[in-house]
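Structures follow.
There are two complexes below, and they share subunit A, which is joined by subunit B in the first and by subunit C in the second.
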Partner chain A sequence: MSKEEAPFVIFYNVTKWYKGNVIGLNQFTAQVSGGITGLVGPNGAGKSTFLKLATGQIKPNIGIVRVFNKDPFRDSSVFNDLGYCPEQDAFWSWMTGKEFVEILAKAKGYSKEEAKKETTRVLKIVSLDDERADRPIITYSKGMRQRIKVAQALIGSPSLLLLDEPFAGADPITRAHLGRTFEDLRKEGVSIILSSHVLHEVEQFADQIKLIYRGRLLAEGPVRDIRALIYDHPHRIKILTDSPRELAKYFVSLPSVKSLEITDPSNLHYGILWILTHNPAVFYKELPKVLVSSKVHVEEIMSVDDNLQAVFEYLTQ
Partner chain B sequence: MVENDYKSNSSAKIYERGYRPWKRQMQPKKMVLLNLIWEEIKLIARPRWVIIMFIILRFLLIVKDILTVYGISTGFFQQFPFSLAYAINVGNNSMMGVTDLLLAYYVASSVISRDRVSGAYALYFSRDISRTEYLLVKFIASAFYMTSFTWLPAIYKYVAIGAFYDFTPIDYLKWKNFSLLLISLGYGVLVMAFLNSLILLLSMFVKKGWYIAIIIIPLRYISDTIAIITFLLKVKYAPLYAGPPSYGEYILYWAFGISNEQLSNNLGFQIDFLAPISKIGSIAFLIVLGLSILLFSLLYYKIQKLEVQ
Partner chain C sequence: MATLKKQNVHSDLLGDRVIFKVSFKRTFLSKRGLFTLIFSLLFALYPFIGLYQTLFNNDTIFHEGAMYSFHSFFSFMYELVIIPLIIALFASYIITEDIDDKTITYWIVRPIRRSEIYLSKLLALVVGSFLIALIIESVNFLLFYIIAKVRREFIDLRLFLFHLIIIFIIVLYYSTATSIISLIFPFSTLTSILYIALWELATYGALMDLGAKGIKWIFIHNYIVQIQNATANIVFGFHYTIDMSIFSIVILFIILFTILSSLFIYLSKRKEYP
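Now for the complex of A and B:
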């Protein structure tokens, strides 16, 4: 393997536990190369632990963590080429956004004048290069705080960005803006590892996804493969309709349907038709045709298993 | 934009994934740390009202100090080195004087505790700043304030007491006098090293600076009480039993070369039960120095092991 192709981040058999025998990561082995990698898992899965280990905030109890072939807990020089955006707010909140970024630019090694220029540059990237940058951070909305945190991570144009839940609590405009920013950075050759507990937040621009659950790496691969995992496991679909029995007749003959169940909530005029399918991809193709041909009024369709938690439960069975 | 298009039959864009080593030219590490120390000094000075309050307090203490110096010089304390040692130790810049404690509380709560509570640890430790360098920056920045609060009184008390003894400018610069000022400044550094290590170490465990004050202020009063009781009981090493808060004056007496006899004469009563001042003072000095090293070592160890939760 040539040097250029070597993975930036290597976790080998890493276990990290916290006080009270809380497991953060459990015999976790993974490596991350270039592009955008999404760390996806429910809350408490170990995503933040992964990023904290990779940024030397904490050290593993067992195992080896290497970033650019260096131990991030022992060798701070690794951070010259790494930007980190923590999940929690980490501000001196009475400071203005500009002051905050400037101080951190100085900590990165910029002189006073250069720090000012760099601050302007990174604030521009996150679209905060206006009068808002001169306001105290305490007055910022959640979205603006997220942007400032991302801005400080961009100081020095690092090759690798580690972003812990960068979309958490952000408004749709901020989410869209941050998403575009990450894509632009990827085009410039920046590698990004970002965590989220929502798959669709990261799948739009992630090249690779790593599914983490209860401190273990459950699955990894390109987005389409991970998405396929979701479609490969049995799905339950809930259809709220005024004629569930009538509608069931149309579904019962479909090969993609494994079972049907009807429930009648007493407080509703509608009934619920539950459909279990082993082949969601085929089922979802057939669904519109069946609904049109049945001419039954449908109030709501919901795929209750089309979420990560269901996939995790399926994969860990 | 670095982009490959070897998949000509695909609309997918494949971007550069190779690692390009970071080659940006930055300031030397020394400059980075100096910048950070300066930023930290400025950060401690915020909010501004706290520093204004300390300046006012300092000014009031100058007035009080001048009155003390006047009392010492016109009263029964007749010998110059003794009056200076006594004045240096009195009240606000003893080993754990009130001002020191207030300042220590404020500095501690705004240095490490602040980073801990705000989560800013994560921002420091995700830059090319080792834990040792982080400690160095914090220690020097708080030492800047603490030392200034011990040095400033030492200087003006030297000048004021000299004035009461009709010092000429030449007298101030004479080595036998000037060396006493240097000793006073050195004593200030010792006080700073002890208090700074203690306070910074405590600040790693508490969320609010007030908790540190609650822990430390009673120590001062317990120490005073023990000092009085052991003195009344005529214990040979009475001052040593009282602990570091009471060591300051004996370290100064020892460093200034004041004998038991001089001490008795100046205090106006016999202290013949006491072990030689040179012995008490030097032991007190070694204890404070040892404790400072121990506390700093503990602080260093804690910082090295620090994990950002």
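Now for the complex of A and C:
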């Protein structure tokens, strides 16, 4: 049994729906091993649902969730070696940053003195080890709140960190700083799963990306592969016209067009011209000119993969 | 698999103590706690007026003696009405507030069992409610005590102790009962309405000796009233009839408390935080 290879987090065929039949995750199967894993997907994709299931805040309706081979919903010993940074800003209003971290260190089993030491250590990692730590958290900026949330996740140097949108609301400096912190932790052998709604936020330092969309795992793999996948993902355009062959001649020469296909449904007055493109932006710019010069009657133009395309464009913007 | 860190020698008790402290502080050492205490003490104006009359008008509203007046006033006003209500309000707060503002997440992701998280909160509720009840009893008892002293009436200090025990039973019972309701219905308005319904039902069960005799036994206040009457029998030498022995009533409360807290633990283990 190789220690390095065993996956920390296993999701097997997990389905989770919330009250009112809202689906959070849909037959989701995935594994996470070492390194830094980025969960990427647009709002409502299911990233937080994934992390909440992995931290036992909720339990799946169907399927199996395992962290360190244990069920995080039932077995709290999982959290001896796991740190979690929640998405929302939830704090006890009267606490200073230092008190907040100290109390959570005590909740992890540290004695008073140990908790003080541990607090100093983790605050140093997120660069909050100055007089700001003695201020109430309610006076913190968004970036500082993100950092104090990450700090409490680092208590006890867990070997697995689950961070829900740690970059949200952070300025470029904080962002770069947090990114470096995560890279350092990875060098120390810590596995990190973090979520983001944009790819570029995590791609500089993530080893693995998991693309999530509508509760499903869309794609997974190294950053380079994911980039390639998104880039190669062809965009299909369907043109309804009375003379598709005629029109096709005008499109062949366009560099943005990858391939053309014609279907003539016999019972239809119109034929269909399918166009595959890798560069929809350029294609749509050229489209009107082509249509005008061809003088062919076009009944309808439809973009078939709009949904997915929009997702990809959004993720890579 | 992950290696367990040596420095994480986890002590359950330490984690629990932190949850107890934070829950206690936020619920009782807050404006809400202070306001509730002041509001409850407003009812102590009644003995205060009695004291004023005794001192300055040489007259009193307490014709049956100050100690007995304390007994009947405290038994009805505080033990059957105000204290259960206070507990219900704090229970709904202590259980639902950190779920509402999501701070519960920080406890869930610590190596502390779910049931322990809730038992710590329940303990905070019991201790906090008991302290408030103790302050209320002390203030009231002190006022009546002074009246009795001024009027040179007999003072039996056991009365204070007996009511302390009654308060303790009430606090234990109502804390678990109302916490369970909060766990099942985590909506503050709904819970409040349910509490009040529960409390009304219980009060009427005890007070309506009239029509509800047959089902009297299902109302918890029935038993509280019996312990109160037993207290009067001991302290004042009255001869109220008691249906059950005090011993069996206490056993009954202990059994009830055990059943309720088991149910509470069972529910807390299954609770999700979406």
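Operating definition for what follows: the second predicted complex is superposed on the first by the 232 of 317 C-alpha atoms of A that agree within 3 Å, B and C clash if a C-alpha of one lies under 4 Å from a C-alpha of the other, contacts with A are read in each partner's own complex, and residues count from 1 in each chain.
The definition used in the following text is that contacts are C-beta pairs under 8 Å (C-beta built on N, C-alpha and C of every residue); 3 or more make two chains touch, one makes a residue touch a chain.
From a predicted model like this one, the values you see are computed outputs, not experimental measurements.
Residue contacts after overlaying the shared chain place A:Ala107 against subunit B and subunit C alike. In the superposed model, A:Lys187 makes contact with subunit B only, not with subunit C. In the superposed model, A:Asn69 makes contact with subunit C only, not with subunit B.
Looking at the shared chain after the overlay, A:Asn80 reaches both subunit B and subunit C. Of the two partner chains, both subunit B and subunit C are touched by A:Lys59. In the superposed pair of complexes, A:Ser33 makes contact with subunit B only, with no contact to subunit C. According to the touch criterion, the shared surface of subunit A, contacted by subunit B in one complex and subunit C in the other, consists of residues 3, 6, 8, 18, 52, 55-59, 68, 76-77, 79-84, 86, 88, 90-92, 94, 103-104, 106-111, 152, 156-159.
Contacts from subunit C toward subunit A in the complex involve residues 1-5, 7-12, 14-15, 17-19, 21-22, 25-26, 101-103, 105-114, 269, 272-274. Chain contact summary for the complex, subunit A toward subunit B: residues 3-6, 8, 18, 33-35, 52, 55-59, 68, 76-77, 79-84, 86, 88-94, 103-104, 106-112, 152, 156-159, 186-189, 191. Of all residues in subunit A, those touching subunit C in their complex are 3, 6, 8, 18-19, 52, 55-59, 68-69, 74, 76-84, 86, 88, 90-92, 94, 103-104, 106-111, 114, 152, 156-160. If you check the complex, the residues on subunit B that touch subunit A are 1-3, 15-22, 24, 26-27, 31-32, 35-36, 39, 43, 46-47, 114, 118-130, 133, 307-309.
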